[in-house]
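Okay, so subunit A shows up in both of these, paired with subunit B first and subunit C after.
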Partner chain A sequence: MNNETVWIILLVFFVAGAVIPYGLNKNRNLALVTGCLFAVAGSTTALWMGVRGLVSSDPILILMGNILPITNLEFYIDGLSGFFLITIALVSILTSIYSIQYMKIYGQENLAWWSFCYNLFLLTMMLVVTANNIIVFLIFWEMMTLASYFLVTFSFKREQVRKAGFVYLVMTHIGTVFIASALFLLAGSQGGWNYAHLAAGSGMMNDQTKNLIFVCALIGFGTKAGIVPLHIWLPQAHPAAPTNVSALMSGVMLKTAIYGIVRLMIDLLGTGPSWWGAVIIVLGVISALVGVVSALMEHDLKRLLAYHSVENIGIILMGVGTSMVFYSWSMPVPAAIALAAGLFHVLNHAIFKSLLFLCTGSVYYATHTKDIEQLGGLIKKMPVTSILFLTGAISISAVPPFNGFASEYQLYLSLLQLSHQHQSNFWVVGGILGCTALALTGALAAACFVKAFGISFLALPRSAKATGAREVPWNMTLSMIPLAALCLILGGVSGQMMNLLAQIAVQLKAGSPIPLIGTYPYQIFLLFGFVIVILFGLTKLSGAGKERKSQTWGCGIETNAEMEYTAASFSQPIRRVYRPLLKPTRSITTGFNGQPYFGYRIEFHERIGSNFKDYFYVPVRKSVIEISRKWQNIQSGNINWYLGYIFVTLIILLVFCAKG
Partner chain B sequence: MGLNDYGWLMIQGMLLLLFSPLVNGIIKKVKARIQRRVGPSILQSYRDVIKFLKREAVTSYHTSWITSVTPYVCFSAYFVAGSMIPLWRSISTSDVIVFIYLFALARFFLALSALEPASAFGGMGSSREMMIATLVEPVLVLGLFGMVAFVGTTDLGILTGAGQNPAGIFAFIGLLLVTVAETGRIPVDNPDTHLELTMVHEGMLLEYSGRQLGLLHLAAMVKQTILLVLLVQLFFPAPIISAPWFFLLLAVKVVFLGFILALIESTNVKMRLFRLPELLVGGAVFCIISIFMKFF
Partner chain C sequence: METIYGFFFLMAGLLMLPMRRIKVNIALLSLQALFLSIIAFSEGLGSAFEWHSVAIGLLTLLVKVIALPLILLRLVNSLQADQEKDMSAGPIVSMTIGLLIVGLTFGYIVPVLLQDIRVGHDLLGAAVATILFGCFFVVSRRCVLHQVLGIVVMENGLFLSALAITGGMPIMIELGIFFDVLVGVLVMGAIIYKISDSFKSLDIKRLNRLRG
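This part shows the complex of A and B:
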């Protein structure tokens, strides 16, 4: 089959998945299953195309004819697009299987509408990363944003959801304005629309235009990726959306922005000055730290995971930025390795984050809450889900030998190279400080997931909802098992993955071949397993394998769920140590019942200050309103005035044209 | 890596394992002498561990497989970390990043298991341990990576003796502070008690008993020894003249560092938990001075 046919099949699958459920809407269940199965079929096709694009040395070009007004509808799958296509397709397949069961809790809603948006969302994400010219890119980018907006506002009857959707819509549209400006600036100086054209001409551009394009693209894609301080939509939109949609948005939709950054800044714009890379690394570090510290303070599982997306996008950007710095020093080999490290983390984050979101969905399915403080003891009620969640938690905390560690290890090496190259004092210290920031991020992430897993899955249930939890149906767990397995497998084959991904960079920059990239000594973990097995064997042999069960020691009082540590108390020391970053305010009121020493009621409130809202968004909003109010004066409401405006504008334009 | 290499790793791990209760015993003895007590015999740690290992393990009703698995995970993580420090022969699998993250692996499971019995003590220990880890790990990375970036490799074998220069003195002070924090000693934590609300590490072990507790105690001793061995190897490595001399000198140097730890512990008081950032930021400053001295 030739590529065009496969691509048409892919489109047909998704369009069928979007439309057919409308015909079946009488039987909601059937509509849902149909929609999801078409999504699985479409994503599988995409996976196949992605693999072909990644392994073939020549990019695949797909021409779909001349149906757009100014340009062709054409697609292009090189290594980079192929890699992102694989990432999106992999997560989409598993999430779609999961959705068949999960969406039943929304049984009363309009599932055909969900299916429509869902299929279009998957399709447009895939088309965004394979578009071959900027018009096609922008059209599908906008469609992707709208489809995801309607998925976020699926439970629109709740006011909070509508509000979150609005913030999402506004933020991403501001982003789109900047992306469009960047792309049109780029195309404007070339007179062509497709990527090959743009890449060829970018060498002739002057530095000022290049810098302007860089800044616009950074703001535009940064908004979608959730770079601090443009991340505020993320923690609102993710909890509002159904959990399977959050898994996709967080796991793969954010990555389309990373794709945009890599495509535009490394491929199309050519090599920039080293400060571009520096800016991206610094933004990455800030995003990683702010994201993870904010996540620690959250007790809503989905919002916690959303903040971790900010963190991981930061880590990915550190890799991309390092790569840009190396390119600016004309060192293609370390640059390719750093880019590969960033892309490896893209894949790893897609896998463990969607795993964690799907597990959270299972918890919600079983308990109807995602508040950590109400959970607890789930490890006994939901043994499979808890192992899966633990796998994701270990991976995201960069604990070896799982995949999160594998990519962060490579990133450490790249940052150390930055320092070791000895280009200037700034970079010597910068590289080591980057490593330190990465270590701090890792330690905070570990603390956060000890909290998230420990409080919600271990010890005693804290509410009736958690007490009554039962393991979710098999078809939900089935779709998560491959993700968990991938977490472990990708940790083991990190060397092969890195070598594969470095080829993408070679293809982008037509650089020299990359020597074999080393991996962390994973053999040490075989020894680790071996020691555990020996110890276990020794215990069994000595006949001491059985544990005796007894009460927990509670100073003589029988322990109960109210005496357990809570998520708020778990994060208290960190809240206090990182006070300058978080600005917490607390109030404690004690109710005394006549007796001065024995309070009968204590109320405790603690709020985390929102620095970005207070110091960035509120002033910006205020000044926008202020300026608009000043402009109001020209809106007199009198038609004569408006005719006058038009007349003056016309004269100015005529003068302008005459001069030109 | 062939079977032969695995064999060598196991042998080195076993050696450190056998040696580490002795180090602990010596530190305890020195502490006692400084405090004008007779103190327990330097072999007491062996007796304690053997006693614990013989006894039955009792766990809470609320615990799951995580509690049962954690002692094995912690022990193996430290055992493996110890086995990969190159001593008298180079080891192809020695890597400083993996070394640091093996500690993170053990800590992750220990902190989870502390939350399991649903008692506030464990939660307190776990929460504080993770907070301290967020301060310790960056300083550890800062101190070690200053040398790594200079030498240009993460192989611990090539890093051996990388701190033998004036800049190394500052890195050594920074990393010594990290060692104090990681081994749970005064002024960060108090290893001699679990009956105060100041406890961190002991708080996490509170619900463990019998062989599980023995294994965790042993793991903590191994951790202490390998941190000391690492410091010795980085800053004043024993010369490899012949194997017996090497081990003798290494042992003497490790014991000497243990002596310093005991001295710090006896001459300081425990700090308030929330003053720890100041201590560890101090450590970070020493590491940064070292980096500046080395590169500029």
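This part shows the complex of A and C:
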């Protein structure tokens, strides 16, 4: 089959998935299943196209016709687009299967509307990363934002959800303004809107325009990606959306912004000065650290994961920034390797983050809560989900031999390479500091997931909701198992993956061929595992003591859930260390009824402040509202005034502007 | 000769500015349109016969000199709204601004800004000034009926500028413009009825209430 046919089939699948459920809306369940199955079919087609684009040496060009003057509806799948298409499609397939069962808890809602937005969302994400033309790109980018907005506000009856949706919409629209400015500045007076035209035109641009484009694109795509301090919509929108949607938004939608950054800054804009890369690395480091520290303070599982998205986007940006620095030094080989490390982390994060979100969804499905403090003891009731969550947690904490470590290891090497090149003292120190920040991030992420896993899955249940939990149906776990398997497999084949991804960079920027990339010795971990198995076997053989199950000894007091370590107490030391950043304010009230020492009660509240909110967003919001209120006076409601404005404008135009 | 007609055309517009009574204004408007049609006739019959300009003159005579004032007069009679209570700007201020507009047009806009346009200098000045009169007329009045008059004045000015610069547009477009003006005034008449029905007044200050 030729490429055009496959692409049309893909479009038809998604459009059918969006429209047909409306016809079947009488039977909600049937509508849901139809929508999800079409999404699976469409995503599978996209996966096939992505693989084709990634392996073929020449980019695939698909022309669908002319929609506007000098604007063709044209799609272009080179290695980079193919890679992002694969990432999106992979997560979409599994999430769609998962949704069939999961969305049943929303059985009373308008599921046809959900199917419509969901299919449109998947389709537009795929079209964004394959568009070959900035007009088409912007159209689909905006459609993607709108579709995801409606998915976020799916349970719009709750006020919090509406608020979160509004913040999301405002932030992403501000972002779109900057993206559009960057793209149109880049297009300038070129003959066309195609990427090929832009890439050809950027060579003749002066440095000032290039810097302006860089800053605009960074702000625009940074808003979507959620880099600090533009991340405030992320921790609000993700908990508001249904969990399967959060999995997609966090796992792959943020990556479309990474795609935009790579495409615009590395492919189209040409090589920039090294401070571009430096800015991106610094922003990446800040995002990673702020993200992970904020995540540690969260007790809502979904918000915790949302902050980890901020962290991981930061890590990815560190890879992209490092690669840009190397390109500016005209060192294509380390640049390609650094870019490959960043892209590898894109794939890895997509996989383990969607796995974690889907596990959280399963927990929510079983217990109807996502507050860690209400959970506990789930490992005995939901063993499969627990193991899957643990796999995701280990991967995101960058513990070998899972995939999170594989990509971060390559990133460490790239950052060290930065300092090893001895370009200037700044970079010698900067590279090392970047590494340190990455290590700190990894450690804090591990602490965070010890908390998340330990508090919610171990020990005794803390509430009736957690006590009554049961394992989720098989079709939900079935869609998560491949993700967990991929976490392990990608950790194993990291060398091959890096070699494959480095070719993408070579395709973007022709340079000397990349030598075979070595990776960390995976065999050691296999050996390690092997040794553990042997030792375990030997212990059994040598007749270790039999298991004996009995009550935990609690000094004569019956142990109960209130004695357990809570999430808040677990994160207390870190809250104390990062006091300037988190600004915790605590209030303790003690009380007793009647006599002291009996019926003694302590209430403990600790709130986390946010510097970004207090010193940036709140003042900006306030001043915008104030200025708007002042300007409201020109809207007097009097028609004479309105006509007067027109009259005055006309005179001014005549006197001043008609000259030109 | 055309310059003199243009002068009268301008004067008719200028005199409308301080007038309070609507019927006087309608008469002045009709007079202004009459001079417009005379200008068109003199272009058509002056040196050589041009049926195009003559047709325009005839149409102006029919639509703007006779039909429109009649429609407006009927409207005024049925609403009994001849005397306007209040103006946003008083007669003296209005007149002063009108004179300023004339000065601005003939002193600056036409000789400096529009210096590339060489043809029909004096008529062009009268036309631009009349457009601005119309604008100011609309701005300075509080009665809805006056606003309709102001729009027609602006239209007259635009029409004269087209006539002065190019000697008129293709006949089909001219026809379209006449039709537009006629329908526009009819629609505005209908809306004025509606306003006077629901607000019991023609004062547009009452419309401030519509503000959200």
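Please note the rule applied: the second predicted complex is superposed on the first by the 608 of 660 C-alpha atoms of A that agree within 3 Å, B and C clash if a C-alpha of one lies under 4 Å from a C-alpha of the other, contacts with A are read in each partner's own complex, and residues count from 1 in each chain.
What we mean here is this: a residue touches a chain if its C-beta (ideal position, glycine included) is under 8 Å from a C-beta of that chain, and two chains touch if they have at least 3 such contacts.
Remember, predicted model here, so these are calculated numbers, not experimental data.
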**Study point:** First (subunit B), second (subunit C), both or neither touched by A:636
**Key:** second
Review point. In this superposed model, does subunit C or subunit B come into contact with more residues of subunit A?
Key: B
Check your understanding: Between subunit B (first) and subunit C (second), which, if any, makes contact with A:644: first, second, both or neither?
Key -> second
Exercise for review: Identify the partner contact of A:655: answer first if only subunit B is touched, second if only subunit C is, both if each is, neither if none is.
Suggested key: second
Practice item. Quick one: classify A:405 as touching subunit B (first), subunit C (second), both or neither. Key: first
Review point. Just subunit B (first), just subunit C (second), both, or neither: which does A:53 touch?
Key: neither
Check your understanding: Of the two partner chains, subunit B (first) and subunit C (second), which one does A:536 touch, if any: first, second, both, or neither?
Key -> first
Exercise for review: Under the touch definition given earlier, write down the residues of subunit C that touch subunit A in their complex.
Suggested key: 88, 104, 108-109, 113-114, 132, 135-136, 138-142, 147, 204-205, 207-211
Study note, to complete from the structure: Interface with subunit C, subunit A side, in the complex: residues 635-640, 643-644, 646-647, 650-651, 654-655, 658-659
Point to revise | Contacting residues of subunit A [partner subunit B, same complex] | key: 377, 379-380, 394, 397-400, 405, 409, 412-413, 416, 419-420, 422, 425, 428-429, 431-432, 435-440, 442-444, 446-447, 449-451, 453-455, 458-460, 520-521, 523-532, 535-536, 539, 544, 547-554, 559, 561, 563-565, 569-574, 576-577
**Study point:** subunit A partner contacts - residues on subunit B that touch it in the complex
**Key:** 1, 6, 9-10, 13, 56-62, 64, 66, 68, 72-73, 75-77, 79-80, 83-84, 92-95, 97-98, 100-102, 104-105, 107-108, 111-112, 115-124, 126-128, 130-131, 133-138, 140-142, 145-146, 148-150, 152, 154, 206-207, 210-212, 215, 273-274, 276-277, 291-292, 295-296
